[in-house]
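Both complexes below contain chain A, partnered by chain B and then by chain C.
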Partner chain A sequence: MNPIVSCQQVTYRYGKKLAINQLTASFPQGQAIGLLGENGAGKSTLLKLITGIMQPNAGQIKVFGETPNWQTLKRISYLGDRAQWYKFHRIQEAIQFAQQLCPNFQLSRAEHYLEFLKLNPQDFVESLSKGQMMRLQLLLCLSRDVDLYILDEPFSGIDLISREKIIELLIELLAERTATFIISTHEIYETEGLFEYVFLLKNGKIVKKGKTDQLRAELGSIQNVYREVFR
Partner chain B sequence: MKAFWSMVKLNYQMIIPNKFFFYLFIVLGFAIGSFTFFTFSSFKIIESHIHWAFLWILFAIPGFASSLIYNEWTQKTHHWFLSLPYPRWWILLSKYVAILLQVLLLLAIASAIPYLMLYLYNQFSSTLVVNWSALQDRYFEVLLEILIYFPFLITHGVFASTVLYSPFRSLSGLLWLLFGLTCPFIVLRQLRHAAYLDWNILQVSPLILLLISLCLSLLFFLGTNYLLKRKIRI
Partner chain C sequence: METRVVGSLTFTIDFSIPLYEQIVEQIRHAVARGEIKLGTKLPSVREMAQKLKINPSTVVRAYLELEHEGLCEKRRGQGTFITTSEKKVKDLKFKLAQEAITNFIQTMRLLGIDQKTAQQWLKEAEWK
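The block that comes next holds the complex of A and B.
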C-alpha cells in the first residue's frame, strides 16, 4: 500500500536548535497512527511540516504524493497543539464560519458532535473551559470529510470527562471511516487502544515504529515499549 | 467569494470586536468633537488646519494591521488560519481588505464630525467665517492624500508583524524605523500651507507619492507572502 505521508531525510531547526534530525518515515494509509514521544521530541514540528504550515530546512516530505501546499490542505484537517478559537464568536458562529471556509465541512455531522460533546451552540468561545475549547476544536476538525486528520496533542491538559468524551468520539470515528488519523500524544495509558500503528520519536528522530499488535506481542503493551525507549 | 468575505468579516471583527465598537464610537465622537470645537474657536481661518481632525488615523493604520497578525499568535488561532486550504496571498488579501474597510469607516466618522461641528459652530458664532467651498476643496485634498498612503501603511504593518514570527525577526525594528521616518514627511506635507514651508521634498506630486506607495506595498505584500509560505515559525 502507498504511504499517505513519506519523509526523506527531513531536518528542521529553530535557530540553532535541531527539532527534526534527518527523519525518514512512511505513514501507512487508512490507519490510526500514534506519534509518541516526550515533550520537545519534535512531534508538533513534524506535524506542522506534514501540513505544510512550515517548510523543512532539508529533506523532502510528500503528502498524497506531492509536496505539502495549500491544495493538499483541502484533503487534510489539522488540529494544532493548544489551538484556540476566536473569542468573539459563539460556538454556533464558529461552526457556520468553518462551514463557509472549509471544503467538505459536514454541517449535519457538526450538529451531531455538538450534542455528543455536550456543547451549547449559544455559548461564547471566550467563556469555554480548556476542555470545552478542545471539544470545540475537535468538533470543527472532525466535521470535515477529508483523507487525513492530524491531531496534535488533543488530550493535553484537559479534564478526565472531556478526555473520555474525546476518546469515545475518536473510537466511533475510527470504526466508521477509512481516513488516516495521525495523533500525537504522550497520554499513552488512555489512548493506546486507539492506535493501529505507532511511531516513537526522540530528539527529532524515529527510534521505534511498528504495528501496535506486533509491538504488544513483543513487550506486552505500548506503555512498556515507551518505557523501554525513553527510560 | 463567499469564503473570502467570511474571512474579511472575521478579520474585521478581530481589529475591533463588535462589542467594543459602540464605546469606540462614543470616545471617538467626543474626542474629535471637543478637539474640533476648541480648535475652531481659536482660529479664524480653519481650512488649512482641518487635516488635524483625521490625520492621526494614518498613524493608527500600522497598529491595526500589525495587531491583526499579532492577535492570531497571542490568541493561538494562527494554526487555524495557516492551515486553511487557500493560497497565502488570498488570506493576506482578506486581511488587507478588512483593515481598509475598518479604516475607511473611521475616516468617514472622523471626517464627518468636524464638518458637523463646524456647521453648528458657524451657526452660533460670529467670529468664524467659513469659506465652505475652500473647506470642501481642502477636505478633498487631504482625504485623497490620506488614501494614497493607505496601501503602504497597511502592507507595512502586516509585514512588520509577520517578520516577528520568522527567522528575520531582528529586522522588525528597522521596518518600524522606516515607518517612523515617513511620519514627519506626512505631517510636514500637510503643514506646508499653514506653516509656509517651501521645501522641495514636500512639494512632490501626489501621483509620484502614489507610485512610491504602490511599489513599496507590492514589496511588502510579496515579502509577507514569502514569509508565510516559506519561513513562518509557530
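The block that comes next holds the complex of A and C.
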C-alpha cells in the first residue's frame, strides 16, 4: 500500500538550531501511528511540516502523493499548538463557528461527541478547565470527516479523567472509521495499546520504528523500547 | 500487568508481549477450562477494545485467528461466537495438554533428570 505521508531527507532549522535532521520515513495508511519522543525531539515541527503550515529547508515531503498545499490541508484535521477559540463563545457556539470555518465538519458527530466527552454545550469556553478545553479541541478536530488526523500531544498536561475520555473517543473513532491517525506523545504508558505503528524521534531523526506488536515480540513493551532509546 | 474484565471474561494484559497473542491465548484457555460456555457470544470488537484500552484492529486480528482455528465463528450481523462443537474443545484441550507436557519434559531435561525418574516421580506425585 502507498504510504499516506512520506519524507525524504527532510531538514528544518530554526535559525541555527537543527530541528529536523535529514529525516526519511514512510507513514502507513489507515493505521493509528504514534510519534514518540522527548520534548524538543522535533515532533511538533515534523507534524507542522506534514500539514504544510511550514516548509522544509531541504528534502521532500509528500502527503497523499502531493507536496503539502491548501488542497491537501482540506483532507487533514490538525490539533496543533492549542488553536484559539473565542473565549466569550459557549461550547455550542464554538461548534457552530467551527462548522462554518472547517471543511467537512459533521455537526451530528460533534453533538454525539459532546455527550461522549461529557461536555456541556451551554458552558462558556472561558470557564473550561485545561482538561475540558482539550476535550473541546479534540471534539472540534475529530468531528471533521477527513483522511488524516494529526494530533500533537493530545494527552499532555491534562487530568486523568480527560485523558481517559480522550482515549475512549479515539478507540471509538478507530472502530468506526478507516482513517490514518498520527499522534505525538511522550506519555506512553496509557496510550501504547492504541498504536499499531510507532516512530521514535530523537534529535530530529527517526531512531526506531515498526509495528508495535512486532517490536513487543522482539524487544518488549513500547515503554521499554522508549526507555532504552532515550535514557 | 493489568487485569481487565470484559463481560464474563477476565484478561491480564502484559504490554511486553504482542497484544493480539494474549487475547487469543486467554480466550483459548478460558474455553478449554470451561469458563466460557460453548456457543457464547464474544464481546463486540468495540466493547473489547474499549475495556482493554487497545486498538480495535488488534481485537479483529485476535478474533480472526480464533476463527481460523475453528474455535470461534462469525455470524453475519450478529457477532463472533464460541464454537458449539464439543470436538473442537476436546482437540484444544489435547493441544494445550501436549504443550504443558512438552514444557514439563523441557524443565526435567534442563534439571538433568532422565525419563524413567521423571515418570516415576510423576506417578508418585499427589494428583490434587
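As a working rule, the second predicted complex is superposed on the first by the 227 of 231 C-alpha atoms of A that agree within 3 Å, B and C clash if a C-alpha of one lies under 4 Å from a C-alpha of the other, contacts with A are read in each partner's own complex, and residues count from 1 in each chain.
The rule is simple: contacts are C-beta pairs under 8 Å (C-beta built on N, C-alpha and C of every residue); 3 or more make two chains touch, one makes a residue touch a chain.
A quick note: this is a predicted structure, and the numbers were derived from the prediction, not measured.
Enquirer: Please work out whether A:111 is in contact with chain B alone, chain C alone, both, or neither, and reply first, second, both or neither.
Expert: Once the two structures are laid over each other on A, A:111 reaches no partner at all.
Enquirer: Return first, second, both or neither, reflecting whether A:14 touches chain B, chain C, both chains, or no partner chain.
Expert: Only chain B; A:14 stays clear of chain C.
Enquirer: Looking at the overlay, what does A:86 touch: chain B (first), chain C (second), both, or neither?
Expert: first
Enquirer: Report for A:216: first if it touches chain B alone, second if chain C alone, otherwise both or neither.
Expert: After superposition on chain A, A:216 lies in contact with chain C alone.
Enquirer: Contacts for A:78 in the overlay, against chain B (first) and chain C (second): which applies, first, second, both or neither?
Expert: The answer is first: A:78 touches chain B but not chain C.
Enquirer: Answer with first, second, both or neither: which of chain B and chain C does A:38 touch in the superposed model?
Expert: A:38: touches no partner chain.
Enquirer: Quick one: is A:195 in contact with chain B, with chain C, with both, or with neither? Answer first, second, both or neither.
Expert: A:195 contacts chain C only, not chain B.
Enquirer: Where does A:48 make contact in the superposed view: on chain B (first), on chain C (second), on both, or on neither?
Expert: first
Enquirer: May I ask you to decide whether A:103 touches chain B, chain C, both, or neither, giving the answer as first, second, both or neither?
Expert: In the superposition, A:103 contacts chain B only.
Enquirer: Within the complex, which stretch of chain B touches chain A?
Expert: The touching residues are 2-3, 6-7, 10, 13-14, 17-19, 75-80, 82-88, 167, 229-234.
Enquirer: Could you list, by residue number, the parts of chain C that touch chain A in their complex?
Expert: Chain C reaches chain A through residues 13-21, 45-46, 49-50, 52-58.
Enquirer: Of all residues in chain A, which touch chain C in the complex?
Expert: Going by the criterion above, the answer is residues 31-32, 167-168, 171-172, 174-175, 190, 192-196, 212-214, 216-217, 220-224.
Enquirer: Could you list, by residue number, the parts of chain A that touch chain B in their complex?
Expert: The contact residues of chain A facing chain B are 14-15, 48, 51, 53-55, 70-71, 73-74, 76, 78-88, 97, 100-103.
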